[in-house]
Amino acid sequence: MSKIHRGVSLYSFQEELFLGRMTVEDCIAFGASIGAKGIEILPEQNMPEFPHLSDADVARWQDMLARHGAHFTCYDMFLDTKLRKDSLMSDDEQVESIVRDIKLASRLGIRNMRVLVFVRPDILARCVPFAEQYDVHLGVEVHAPWHLEHAWILRTIDEADRLNTRHLGILPDMGIFMKHYPPAFRARFERQGARPEVTQFIVDSHEDKIMAEYTIYEVAVKMGGNKAEVAMAESLRHAPYANPKRIGDYAPYFRHIQAKFYEMDEDCTDPSIAYDEVIPELVKCGWEGTLSSEYEGNRWIQDVHEVDSREQVRRQHVMFERLISQAEAKFGAKETV
Amino acid sequence: MSKIHRGVSLYSFQEELFLGRMTVEDCIAFGASIGAKGIEILPEQNMPEFPHLSDADVARWQDMLARHGAHFTCYDMFLDTKLRKDSLMSDDEQVESIVRDIKLASRLGIRNMRVLVFVRPDILARCVPFAEQYDVHLGVEVHAPWHLEHAWILRTIDEADRLNTRHLGILPDMGIFMKHYPPAFRARFERQGARPEVTQFIVDSHEDKIMAEYTIYEVAVKMGGNKAEVAMAESLRHAPYANPKRIGDYAPYFRHIQAKFYEMDEDCTDPSIAYDEVIPELVKCGWEGTLSSEYEGNRWIQDVHEVDSREQVRRQHVMFERLISQAEAKFGAKETV
Amino acid sequence: MFDKYLIDGASVRNVGPADAPTGFAFEAKLGYYRGLVLSMIEELAVTLDGTELPREAVLFDEGLGPISLDAMETAYDRRWAFGTPATIIVNHPGGLPAGEHKLALRQKLRVSYLPFPAFNTDEKTVKAA
Amino acid sequence: MFDKYLIDGASVRNVGPADAPTGFAFEAKLGYYRGLVLSMIEELAVTLDGTELPREAVLFDEGLGPISLDAMETAYDRRWAFGTPATIIVNHPGGLPAGEHKLALRQKLRVSYLPFPAFNTDEKTVKAA
């Protein structure tokens, strides 16, 4: 039994859910059918009753999961600090909103919470006693263009160390390991009028890991790039390739991973995110937790293709199984103690 | 005898050298007088004969160093890929220029070369046989906003590993460890018209390690910042605080450090760069090499103050001695084998 | 992320007396991957054949009754749920004349984790049913 | 980094016959922390009392003889050394009239490691000696 569990975030099915082509139960059933039994939810997306869930609502969710042999893994919180037009939420209100989410997660039987990266470490420190009481891990999402070693992220790590708590840490989004520029992004910018020679230049610059601002300057100023070309160049600001070798250093601080992806090829490889480097690092350090699919490709292809989120998620899980078993063959599957 | 040697780059005296108030010999004599006997040079700054140094020129430099008990540590190269207006240097020309520098460094008895961060790793790979032959370490300068783990820098590390050479690596510039926003920067922007409440907001945002682009947006758009305020906010793009804990991981890849600083307080502390975290990491991992002062504060104060680079460098070396001996007391000074 | 799906083109109809419509209405979704409290919806700008209609003319109804955009600013207890159509009612004396029209909707959202406002836009060619 | 030091204000003098100067000249330094091959100096723009003088009117001499800005573009074997004054000669019939003038110099450098050109500017109030 591998220590790396497979799961899926309902975020992955946003296209079909938005259009009413799938229900949440369809998503859960599909996840379970491919062995992705750990379900990550966005209550503000998937629970129309949010934030007022009755016990009957909670029971309905539990029954639904049980029907498919699935279980909840992670609760994606939001924090509406700008709820009011002219005044930011006070610190007390922020804590109150997060504690509300912790309690709801606990009622739903969820032990991991995705915390938005903008939430202040000192606010989270105030939430830690509640996280401990309800046994919910608060994981700050490490989302591109942040990375595991970014000073903002390290403030949360420092806070966790200072409080000596296992209930505060991070929750990496694998978008930080974008080794190759996604072909789907490029194709969309070309449909919007970017010239192939310019998109090739941008792809090459990303491949070489040139500082984004340099490429933006080249495209915008020297090449006289058009709107789509400049937009594509600017997308490089959010397309960093962080070092997968750091995963082991921070493994004690996370228990859940958002397995972001933009597209999977027919042969079940990811042309962009370096899962072939990430998964061996996870296995090597003996990390235990869930790889939770987060498909975000719909917005890049919906102008020309039908979106088939199920097929995309299915391919990612074929890749996960392959890479996990390869890595375990190499490093040994460490048993949970 | 500490493994961390102290030195100074002639870059530190650029104000006095430019104005003719110091000669290079004055700089070397001053460095030696405070125990900074390792001298880093910029041949294109300090040697008017560059690149055509005669043997007599070389002998004159050697004699000058000997007179003061000093020695060369590092050669700061440049690469004029844009020498011609309309065509970039070919790869062969780039290699040729770097090999010219390697040979000149060797003639001068210098075993470290600071390579500009924009030089391509594949070009450097072609220079490695010469670096090995002449025993000159090529160190790509890790300068803010790059950091030790940036994907562009890791390409050089990968290249060094692939070639299994000890003559290619990095050369960190301590500006990457800017923990606090430099008071000298703030004061200059205030003299240019930035309002204290806005500069305080920017300083606080840096202190909190907020993503630079957010602060720029707040200042430029929401606060309606004036020119000096927006320029100060934009300076955050180049003011990152990289994680000093990474130093040990990359210590095998560098032998020389550019000890960048912008100002030293009267009590010989640096209000900005985290030397109090950097130096313990260097001692802990047993790194051997030179901390070479790189004072870059002149441009921030020359509009109102006389620049006194000697006093600034002197204070930094008082700090170095203090921090090195504290760290050695804590971790033990490892002997060179 | 969902711009092209915002306006339900088939839902457009005139409102008020059939012989003297007071305006028109249509169903729309929120262009965001989660629901939002109404106070964070800063703008629902309706443009008809290239002319943006006055903010005061627009009403929103997610099922709890029509509310003006100004009133939405403090509607902290109402929510536009994810993927769920709400009715946008536009006071426009005479309603939509017969034939095809260009109807555009621009949503301006105050998303707390973004420093800048988020905009979603959709334009469809519609006919009043 | 050295903008305020570029022009040597005391060095300004007319050139040519004293009674019919053909222009003026002054000493200037390169605003950079190292020397540069002349081909990378794209512009030495001289502005007198707010009017930029023609590029063709400007000559540069680091000691190897006057050279035009156009010729500098391919002067790969000449160098403006760090911290070292060079003479900038401006053809300007009549030279500088008596009295104070605003003299500005803008240097545009092609620095290989920067994606954009580097500019240095200095302006001083000067008198022809």
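For reference, chains read A, B, C and D in written order, and residue numbers begin at 1 within each chain.
Keep in mind that, in the parts below, a contact is a pair of C-beta atoms (placed from the backbone, for glycine too) under 8 Å apart; a residue touches a chain by one contact, two chains touch by 3 or more.
Each chain and its UniProt protein: A, B = Sugar phosphate isomerase/epimerase family protein; C, D = C-deglycosylation enzyme beta subunit.
Please read all numbers here as calculations on a predicted model, not as lab measurements.
**Student:** Identify, among B-C, A-C or A-D, the interface equivalent of B-D, where equivalent means over half of the contact pairs coincide by residue number.
**Tutor:** Going through B-C, A-C or A-D one by one, only A-C repeats the B-D interface.
**Student:** Report the inter-chain centroid distance for subunit B and subunit C in whole angstrom, where each centroid is the mean of the CA atoms.
**Tutor:** 57
**Student:** So what's the Cα centroid distance for subunit A and subunit B, whole Å?
**Tutor:** Chain centroid spacing, subunit A to subunit B, equals 37 Å.
**Student:** Could you state the distance in Å from the CA-based centre of subunit A to that of subunit C?
**Tutor:** 31
**Student:** Out of subunit B, which residues touch more than one other chain, so two or more?
**Tutor:** 213
**Student:** With chains as vertices joined when they touch, what's the shape: line, ring, star, complete or other?
**Tutor:** other
**Student:** Could you list each pair of chains that touch, in label order?
**Tutor:** Taking the chains two at a time, the touching pairs are A-B, A-C, A-D, B-C, B-D.
**Student:** Which positions of subunit B touch subunit A when the two form their complex?
**Tutor:** On the subunit B side, the touching residues are 120, 145-147, 149-152, 154-155, 208-211, 213, 237, 240-243, 246.
**Student:** Along subunit B, where are the residues that touch subunit D in the complex?
**Tutor:** Those in contact with subunit D are residues 11, 14, 17-20, 42, 44-46, 48, 50, 78-85, 116-118, 298-299, 302-303.
**Student:** Which residues of subunit C touch subunit A once you look at their complex with the stated criterion?
**Tutor:** My answer: residues 1-2, 4-5, 29, 33-35, 37, 39-40, 42, 73-74, 76, 79, 81-84, 110-113.
**Student:** Give every residue of subunit A touching subunit D within the complex, in rising order.
**Tutor:** 213-214, 217-218, 221-222
**Student:** For the complex, give me every residue of subunit D touching subunit A.
**Tutor:** 115-116
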